[in-house]
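One chain, subunit A, links the two complexes that follow: it is found with subunit B in the first and with subunit C in the second.
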Partner chain A sequence: MTELEARRAETLVPARGATTVWARYRDVLIALIAFAVLASLPLFTGSKALLDFVIRCSAYGLFATSLNLLVGYTGLTSFGHGMFFGLGAYSFGLIMQKLGVPIPIAFVATLAITGVVAAIIGAICVRLKEIYFAFVTLAFQMLIHSTILSWASFTGGDQGLRGGIPRPVFLGVDLSNHVHLYVASCALLILGLLAMRQIAQSPFGYTLRMIRDNAGRASFLGIDVWRAKLTVFVLAALFASMGGMVMALFVSGAYPEFAYWTISGEGIFINMLGGVSTFLGPMVGTVLLLLLNDTVTRFTEYHGIVLGIVILFFALGLRKGLLDFVAEWFAHRREAGEGR
Partner chain B sequence: MTRTRRPGISRRSTLALMGAGAMTVAAPWVARAQAKTIKIGMPTILSGRVAQLGTSSRNAVMLEVEKVNAAGGLAGRQIEMVIRDSKGQPQEAARVARELVNTDGCELLIDAEASSGAFAVHEVARDLGVFCIHTNSETSALTADPKQHIPNAFRTARQGVHDSIVGGSYAAAIAKAKGLKKWATCSPDYAYGRDTTAEFTLYLKRFAPDVEIISESWPKLFQPDYTEVVTKILQAKPQALYSCLWGGDLTSYIDQANIYAMFGQMEVFAVNMADYTALTVVKNLPKGIHSGNRYIKTFPATPENAAWGDAYKAKYNEYPTNWSWENATAVMLMAEAAKKANAADGKKLAEALAGLTIKCPFGADGTVTMRAEDHTLVGYAIGWGTTIPQEPYVPEVKAGDWKTIFELEAEWKKSKGYT
Partner chain C sequence: MDLDALVGCLSSSACLVTQTTSGLIIGMLLFLVAVGLTLIFGVLKVVNFSHGAFYMFGAYFAMTAYQLTGSFALAVLAGAAGTAVLGLIFERVFMSRVYGADVLMQLLVCYAFVLIFDDVVRIIWGPEFKSMGMPAAFQVMPLFIAGGVVPPYYLLLIGVALAAAIVLGIGLSRSRIGKVIRAAAHNPGMVSALGINTGLIYGGVFALGGMLAGLAGALAAPVRSLTPGMGFSVLIESFIVTVIGGMGSILGALIGALLLGLIRSFGSLGFPLFTEGLMYLFMVIVLVSKPTGLFGKEAA
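Let's turn to the complex of A and B:
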């Protein structure tokens, strides 16, 4: 996967002048078009289920893509990323229930809380490598999950945040209206993806790739590896938290399951499905997983078997995520064409 | 120029594939049958650790729906059940519930979810305004808390607070008669375990003021090994033990405590013992464990109840569970409400259902009532008895007194700030 990106970098480097401007704004343009398409969807279809589907894709998509910043770009396989998803949902829900502040303030406050918590947890975790990193993040996740369960007077314990999350109107946006919630989720998804894309394509993003490929060399080049890892850990947590907030708005509550390890597991699974070497891989994985989940559970309660077979197919058959596979296939084709 | 045709997938077949894919994806969203049948959606737990209970809910509902359909359906409309697995995850329960209403065209919901899932579905019912009966959540706050109250949602499950009042008064009577003053508790460490134990001891002390709790154990939910808990209790030497462990946890606890001959050394009150899922699984069921009734075909000791339990067993080759009667009651109430309203429309059904009393095999006096003020089931059979190792397992059940339950429940609601 590194070769693939290196090749892409090569094609970008010589392009100067007018093409750089185009390259810089290309992502923004794509994002704008994507948002326009998604936002106009309710004009063409009255299907609430489709809108629900996209809202859930936004929540999981933000979460999975942020996890890919760690897994794919930095080589930090976090097994506890779900804690920030849960933290986002709970912080947002609790702030709205207890303080009744306008939604944007709760949104920013939640990001601030997540940022602080992620900085503390990250400071401890990113010193570790590989399996140790994975397990310590998992331990922190279980710590947060247990805290939610035991602190029942504040969090509602295993029953979750009850009574619904109030959604007062702000700036003409009424999130208790299904279409408004849908458009807001799409906006958050697109903004989040765009921001993460900028991070991934920035010099900082390439620093992360270098750390992933050879942390020792990065260190010799004068990069503070610990700081870079901590920064991306906190950034990824913020986007996961955004995903959690979208989910909290969708179900109008927050439940301990949001902070359980299974959510992190789903994130990893999504990344495996979609692929980690392309930016949109996790997004493709999200759509695939949710489609699979929604269609398979309609027909059988033995969905575990079906999903397991799909995982096996991807892990043993394709040996990579779907988008990785497609990207390589195209690269292969191009090579074959050029070879002629 | 030579590149007109490459091996691999052609553009045409790609388009065809995409088209087929789009059709598959869109088909469920397009389908919206609005025939004469009425669809009732039911999210429940059909996979994972409590799948057995979810399956028993589905069985009971299907048993009753067949009867209703044979008798002409809900106000003349045949019922079609759409039952989906939520995996016990609240976000899935919410999604499935929304999908059932928005996509599958279900006009009514039977929410057979436990704990947090029920609250998630409750929010969906609030959001969509769809008629909904919660059948499995025993958390009292679901209906007692006025913040939760919505006109279109009901509950046909037993309740934590009812169980505690009856259990507390039953245990207190025995404590006084046998002079049991030193008590220990052992319950799972999560909200249900903590709340139920606190409420039980509250009422136990109220009826028997000289009782004291000398030891508390809080094993984790789904804990495999109870040795430390058992030895801790044995060392404390209590005269009686209360536990609200349930299902597999309770059966492994009993099997392990049997090794230490614990049940000969103290009186044991295990509220969730008298359920066939526990009674039939324990290897050596000790004689004389006190338990609340969950579902048992001998209580209430009426031919109707016995017939219902036998019919269920004949059809599914196993006995019903606590969740079975709760779900069956939901269908019975819906059928009666539809008769009364002469409509199957959710709004009219809700109006007819509030305050409705029906004949029911699970009623303490042969009837159950959907209380109008808080939309929850009252008058169901509730009592305590002691176990024997073979059928009928709990030969005699002492019925709880609903008058006392109502009085103390009102007091409890006031203390919680609900009224």
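Let's turn to the complex of A and C:
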């Protein structure tokens, strides 16, 4: 058992009877408080840069957390998860531009498209072994990216989807208003995180952990491993696509970079940075990576080198993410407390 | 879709020859990169995600050596030797630390180097497209075979790649070192118990893989434009080659690379917008119908 697996095993603490009611509503309560705090931010600060930063965190955070459903919970190291981020951005942008339907309809339609594409790609990929899974998902990402580039008449090619995405007012929500867009992004982030948390804590979520730790045993217990993996692959794709839609709304367009493999690489790194053993690890990682990116690009144009060295420091030096350390510290304290 | 162009080409011997040779050189370059990837995977059990960077460095080393010495032979040598040294250092200092670790860790270390290497190239050689130019020795009249145009350089390229394939195939199956390498792939514990330095074998195999990718880069330098990040699409394509041919099989890499090269050159006629898509489609068909790849033993 590697270090990582050992740590993951520690997180398998069964919920105790008396606390389950509290546990069921705790996440909802935390989500409501978090949303209230984020949504009231514009009342205290007029800083557009800060609000923009939170919107970008929402987009990448949804994407990175959905990747953690695959990497951390199921042990599926996808290196092509970014394709669904790009797919979400492009589908949403194209539907809004070409059809001019209300935003919620475009939102649902995009999720449907992503679901179908993810089911097809997932059906091919999820039965592959780890390293093949990583690379074949990456290959599909490159396919989607090259399709976007070559189908220029439809997608705008390497120029991206320009001309802005129309944002008609729906039930009084005007997403071309910066504050409205900000609150909507926060709402999507919190709702998305809450939904993913429910998936992770559900019996299905524990099935995924069992598949990660011992797929053979799960199979002997009568679990259809292929179907469970495919299900989580599609679910994760939906949330990544949500992230892409937030991004498309934010920049009012879609660019080929959204579907490029580096998005997937960043997603993997975000998970490493924050830690895959806790639910909020990727969220912390997202904030850290965006801060790092913004700082580095201010000082040097060679931000690949800096990012690369930071990745090496984490991958070879620390070998775990920041929230992993925090989780371990709590685990140690609890053990010490129980020992007394 | 432009099926008329494809059918028209298939019925004309001149077009057939031209497209086949261009498919062959794409395939041969892919083979050199893919065979290194498959060799490293077979022995070290890691997929070198930064393998494309060695291809890129091979091309840049060759360009610089050619500009300094004016000798194409020295340029190819510099590309191959430079990347071999780079591979050895990379394996001993970094990759050797993540053997047996999570796939996630291995990918991350390689990902970090993809970023770093691309920026290093940007710093040393600049971000713009570079071209090495065709060496003087090959600036001669192209050959005409059955009406098709074949530049002599293409023949050299195909010859070198074929020679590498034969030397590698015979070397691995017949020579003592080849046998040790295959034994180390099979059971490294036993090999090291017999007094053989497996660390050296691993470093050597990585250097060999890097060298082959560098050789491909050096050979590609006169016919392709050089740019930071040029290795990435080559990496993905050579991974597709190894999936089609079967991971760990040299013959599989050769057949897979040639098939992919021909798909690319003929596909660009019939399906100009879907050329890349054809490759992926072919990979999916192989993965679904024969998960071990055409010549592999282990299922994907």
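Here, the second predicted complex is superposed on the first by the 314 of 340 C-alpha atoms of A that agree within 3 Å, B and C clash if a C-alpha of one lies under 4 Å from a C-alpha of the other, contacts with A are read in each partner's own complex, and residues count from 1 in each chain.
In this text, contacts are C-beta pairs under 8 Å (C-beta built on N, C-alpha and C of every residue); 3 or more make two chains touch, one makes a residue touch a chain.
Predicted, not measured: the structure shown is a model, and the values here were computed from it.
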{"item": "Simultaneous placement of subunit C and subunit B on subunit A, clash or fit", "value": "clash"}
{"item": "First, second, both or neither for A:Arg333, with subunit B first and subunit C second", "value": "first"}
{"item": "Partner chain in contact with A:Gly205 - subunit B first, subunit C second, else both or neither", "value": "neither"}
{"item": "Touching partner for A:Gly304 - first (subunit B), second (subunit C), both, neither", "value": "both"}
{"item": "Touched partner set for A:Asp158, first subunit B, second subunit C, both or neither", "value": "first"}
{"item": "Touching partner for A:Gly93 - first (subunit B), second (subunit C), both, neither", "value": "neither"}
{"item": "First, second, both or neither for A:Gly192, with subunit B first and subunit C second", "value": "neither"}
{"item": "Touched partner set for A:Lys48, first subunit B, second subunit C, both or neither", "value": "first"}
{"item": "Subunit B and subunit C footprints on subunit A, overlapping residues", "value": "302-304"}
{"item": "In the complex with subunit A, residue positions of subunit C that touch it", "value": "41, 47, 94, 97-98, 100-105, 107-109, 111-116, 118-120, 122-123, 232-233, 236, 239-240, 243, 247, 273-274, 276-277, 280, 283-284, 287-288, 291, 299-300"}
{"item": "Contact set on subunit B toward subunit A in their complex", "value": "2-3, 6, 8, 24-25, 28-29, 46-47, 51, 84-85, 87, 89-92, 94-96, 98-99, 102-103, 115-116, 119-120, 123, 126-127, 139, 141, 145, 147-148, 190-192, 194"}
{"item": "Touching residues on subunit A, where the partner in the complex is subunit C", "value": "2, 4, 71, 77, 79, 124, 128-132, 134-136, 138-140, 142-143, 146-147, 150-151, 261, 265, 268-269, 272, 276, 302-305, 307-309, 311-312, 314-316, 319"}
{"item": "Interface residues, subunit A side, partner subunit B - complex", "value": "45, 47-50, 52, 56, 149, 152, 156-160, 162-164, 176, 247, 250-253, 255-258, 262, 291, 294-295, 297-298, 301-304, 333, 337, 340"}
